[in-house]
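Have a look at the structure that comes next, please.
Chain nomenclature is as follows: A, B, C, D, E and F, assigned in order of appearance, with residue numbering initiated at 1 for each chain independently.
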């Protein structure tokens, strides 16, 4: 099994979620992160002094998929999350040794 | 070494933490995530219009353990976090190449 | 490629970020986590009753690097984040199968 | 000033006041005597305290409106609601007051137009009054007390607009409209009804401003909403309504409590005189309508949706307050209860209707101020009852044997004010759109106006969540005018986050 | 109403007022004259302004209570505290006022019972008064001013309950109890003490309501807490107390400041007359007690725990205010300082004690309103000092040479009111439990009442944390009655999150 | 007190009041008569209502200051701003009042020094007055009304300090300074100007306290800031300014609205008499200055930075209010507009300047209260215009043909008060530093004072973000005195998080 982690722009979440769901991905886990990268942060102003905020809000999606679906799934996220503008984010694919569904105790691909 | 990631229901955190601590796990890292899965979200109402919130609050636990303890530890989390109701969550076991304890510079199993 | 995850003390974030940037790391992803470990939590007081908060705020940094830079990068984080006091945190190095830059579709080391 | 000079003034003053009381009833009393006349003193205090309460309603509006919008726009809304009172203060001083209360035509004032510059010997009243502001010469208080009281009312009308156009309007465009509103829009219809203009002569009555203040604010807001179009994400591609929850129900609740308090200045204070019976009566009708409307909105929400919806309870309370504003002095406590009940139902239904019609009003300002402002104005023609009223006023209403005559006068007032205000507002908004633009670019709207327009976050130490927080993909929606293309149409700008 | 008719009224009125002043002292003055009597005018304004301040206390309670509870229940608490004033307004209008102030027996009023329907020629007082509400005929203000003032007091009593039963009670069950409270509970004991009933005749004194309002609210809350049991997670399986921190200390602090402000209406306003010496005196005793209690609670908290605990400073301030409420007009400023100091210590100790006894009161309402309400009532019997008092009142207290007589009258009042209110409240809560249930299911309590009961979050844009936020595993606790089984006992329902 | 005794009092009282009015002008009127004199009644009510509004400013300060600081210090700031009024109440009662208003020397009072213990037959005034507090005998209200009004002013001065020293000062050290401030600092300079002291005799005028209250608070704050040094992370190692954004702009905005409201008590209330013309005039000048300053600060911010900065609009409003405080009764409405415009510009420039000079004032208290307090005091010497003023006062200002004489008197006042307050404050802060320490350890500052000093978080249910929230590495900064070593220098303590 593989774990796909994708860092995307926040407003793309709904689209990506729906795309994945359409492809039969039944679950995913999402969290708020801050990204630092080529896309530079923005300037804020407070009491007449400016400062740069380096970290931009991003969404991290984690999806467990079976080995055979990993590539397709990554591709799907890539296509959906893409705007072509800097800061679109990254997708990482990590190996996973084992998966357990807590409710049933199922293991491996069944647990996804 | 292995990294165990568990997505659980929030109110199970204390129990899981205590169970792990009892088994000699000395550290863990926890974060707030939102889960999307078979457990459907709930309906909210705002100014007389209904809408569905798909993402439910979950807790993600990350624990580094030595290879030999991984299975037992995953099992322990599974048993403690289980309510038998939908949405109990998942456990993933990932391979880890290296661990460092920042304070001492210890590496590998010593660092856990 | 490797994914380096580091759990550090929050006030060390800026220093670590700058050190990494100086070494040519162009991106990273950061999130808020709570840590449980040897560093004990603090006691809080509410309406004249005391209680212990076990989980302490920590920052998790995730950086994707090519295999050859992983060790140096981990070392750099270690040195920068170290205060020598309990609770300095941990660094984990995980194997990564694939990386994609969403904007360009680049893969592998190019995508980092 | 805490000093001996004042001691002197006072000591003298006290002596004069007391010795003179029994001769002070002479119509020729000089200003000096009037100013130590207990009635003038008391009326002034009452008027000023009421004005302070109405001033405080600015806080209420700021909190209701920011609370019912998203965190990413909170600074913008707070800034708008704060500065709008600054703008109003200057605009009303500059020209609004003169247009509204200056002697002149049936349509607007022409004497003493700018900067309170007309002659005025207030607190002299009646025959004794000489000055440029005859229409408000009945109030036995100094000129500046009248001005201050009327100013806070003008500010209220302007601040109503803010909520309806929130989360997408440019800050400076709103500031510009506010100036126009208080300098030119509000005072004109105000003159018609409270400035001795044609509607007053026609027999239309509005005690504390269901029409003069609230529906005028509502019409101006409606014009803005029509030109702005809905917020991105409010309507899906299929036209379905996507509720966009507000970010802080604590703020919204504080806001409504503050407004409720402020209304005890707004309505009872509109006597501008310490008339014990009238102000007690009005306090109770005001409170009863608010309470009844809160309850009826609660019940309506439970019936329609099965949930006690706090946002609807709050809007219900405001609806009751707006509706009782016109009739508060001329209806019985029992009628105020009925008016409240109706307003509470009306507001829930009307929020649903505006949403369905594609008119996106983030805070329900139209339902509260426009719909219930109109209803309250008509309620005078339905419920007015001279036998219950502590002050003289309109003819009896339909339900109290007065037939349709008062109702039709009210109706004419509603239509005339609506037509004028909606028309001129549309023109004003359109000019502003042409000159400086009305709506922020889509990517700024997605990122939030706080960062884009103000370069600041309202809550920088808090982790704001982007999961399920209304950053929806679907743009446009049913009313999609030129101002709100689906964001996807210009990806080049979508770099914000 | 801003129109010439009013001008006429006023012009006439002013003339009459002045010309008539010197003859107005005749006992046969007609209402028209009374209404232009400066004293009636001033008393009315004072009473109404004070009533507005007391009304505003609803905001204070809403913020203290929601601030000291968890974010997941904030909407629920705000909704309860908002609607409770709506309910109170209608219930007191419908029947509460009549029961409390109507002429009748020593136990409750029977004349003019419903909807203020009794005859009444207020502001006539004394011999001249004719009407159904003799007991409050001393106040020289119009009937509706009396009503409004008393209404906001009734609302206060009802809102006190909200905090103690928070985070577990069903919304509609609370609404039902509030109605009972204001329609039947509060007015009865109120009649005993302020309505010319048996306790008044017995010689018990309570100036502004330490007993009539605060301890009555406290007893009713205690009954609710006893039947509800503690919140899940408050007590571990071993019975140890787990503090459940409130979610917003900013809210709580705003709330207490607003309450402190409101108390300047509550206490000085209870003169219902603009008596310069009395209201100045009461303002200072009230403020001094609040300040002293804040300080003594701070010191007590530091001594007991080593930390300047803000929640205790805030509760301390309220404790001082509640305690000085009964004696504020009859004790010296020095005594008010001592009363404040004692109240501040009392509240800290009593919060600890209730927690230990397994009585789970999330916001300290019992410690503040019940304990200090009782203490304040007794303080009259200890500190009353006719030589320092600006108005006549009780016999001197124990410390001022009055012996035990006043103290024992106060004691009888405390016991009688406590027994009645606790008893009837228990019965009322029990009936409500039987008919509609009292406590939300465990999984709703874990998920938070906002989502479960209202389908909404207070702060949807904010990331709320579940780590260490009181979602504790241990259920039940020492008092575990039938209402709060450990959640583990019914896993079938624990599907919420 | 709601009981027949009061009825008796009132009935009698009313009769007496009315019958006696025409003889009450005798200078020998007894206290009993005075207390039923309508003027005394009205003045008392006005004074008390104004005092309540000023009291409420404590909430405003608490919210502005906590809102403009970080979430991790919110409890600490709220606790400081809450307890400071408790401390002030006791300190002013104990000795502050006596020092300020007691008869005595040109430098401080000596009679009736402690606990209001001097003889006093207020509300008798003028010749009739006999007592220890001659300087304030001009006010026709009872002693305790005078005391309460002056107390809330003293509290304001003390609370100003809180914001400037926030986020690094020890809680108890601040409490100690506040006591000194209200017991010994504020009353002395207050005596000079309002207590019949040497500056009053010298001809310096300050109507409502630009100097007496605001700049005194500002000087005391400046002394604290100088000894404390800047917050960690405010200045980078290179000396560059790192803005540290406040955590809650909603709080800050509520705070300023509340302060604006409070100022309607502060300025118009400082008449301590219901003078219709004066209070109407002052309400309008106060409001106009606030509005104008909000606008000019907005424009200045846009010009300098291109953004409508809400924090600057808010500070601008306060700047206008502080500046108009001294001259509000003696300048025309037009002048108040100009004064406001200047204050709004001044505050923006001065915030930038203090930041550049390394004087770290988290909330802008120095810019608002010190700079604009001084400016407002001088504005009396520039804009005073007897022909526009509703009460007598200073000589005409420079711009109204009065030459430099009044301006120079104002200038002397500014310098004298500044020198005394800064000097004594520095000494007081230094003693406190020696005895109990001034600044929390660095690791407590990094962790936040809430956890370290109070063991509590303001928002425990909310996920606070540590990313980019001012937990900066660079310590020290340009002013680095002994109190703020770079944290890196003592890693042994940096264990907090």
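Everything that follows uses one rule, which is that a contact is a pair of C-beta atoms (placed from the backbone, for glycine too) under 8 Å apart; a residue touches a chain by one contact, two chains touch by 3 or more.
Here the structure is a predicted model, which means the values were calculated and not measured.
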{"item": "Over-half contact-pair match to B-E, picked out of the listed pairs A-D, A-F or C-E", "value": "A-D"}
{"item": "More contacts between chains, A-C or C-F", "value": "A-C"}
{"item": "Geometric centre distance via CA averages, chain F-chain B, whole Å", "value": "52"}
{"item": "Distance between the centres, which are taken as Cα means, of chain F and chain E, whole angstrom", "value": "32"}
{"item": "Rounded Å distance between chain B and chain C, as computed from the means of their C-alpha atoms", "value": "18"}
{"item": "Residues of chain B engaged with two or more neighbouring chains", "value": "30-32, 34, 44-46, 50, 54-55, 58, 83-87, 94-95"}
{"item": "Multi-partner residues of chain F (at least 2 other chains)", "value": "21-22, 38, 42, 45, 49, 245-246, 248, 254, 305, 307, 309, 311, 454-457, 459, 462-465, 467-468"}
{"item": "All chain pairs that touch each other", "value": "A-B, A-C, A-D, A-F, B-C, B-D, B-E, C-E, C-F, D-E, D-F, E-F"}
{"item": "In the complex, chain C residues that touch chain F", "value": "9-15, 30, 32, 39, 42-46, 50, 56-59, 83-87"}
{"item": "Contacting residues of chain A [partner chain C, same complex]", "value": "2, 6-8, 31-38, 54-55, 58, 60, 70, 74, 77-78, 81-95"}
{"item": "Touch list for chain F against partner chain D, complex", "value": "21-22, 24-25, 27, 37-39, 42, 45-46, 49, 53, 70-72, 125-126, 136-140, 193-194, 196, 200, 205, 207-208, 245-250, 253-254, 256-258, 260-261, 264, 268, 270-277, 279-281, 283-284, 287-288, 290-292, 294-295, 298, 305, 307-311, 313-314, 317, 329, 333-334, 337, 391-393, 459, 462-465, 468-469"}
{"item": "Partner chain E, residues of chain F touching it in the complex", "value": "1-11, 13-15, 17-19, 21-22, 35-36, 38, 40-42, 44-45, 48-49, 51-52, 55-56, 58-59, 62-63, 66, 74-75, 78-79, 82-83, 85-90, 93, 115-116, 123, 141-145, 147-148, 151, 171-172, 248, 251, 254, 453-463"}
{"item": "For the chain A and chain B complex, residues of the former touching the latter", "value": "3, 17, 26-31, 62, 64, 94-103, 105, 111"}
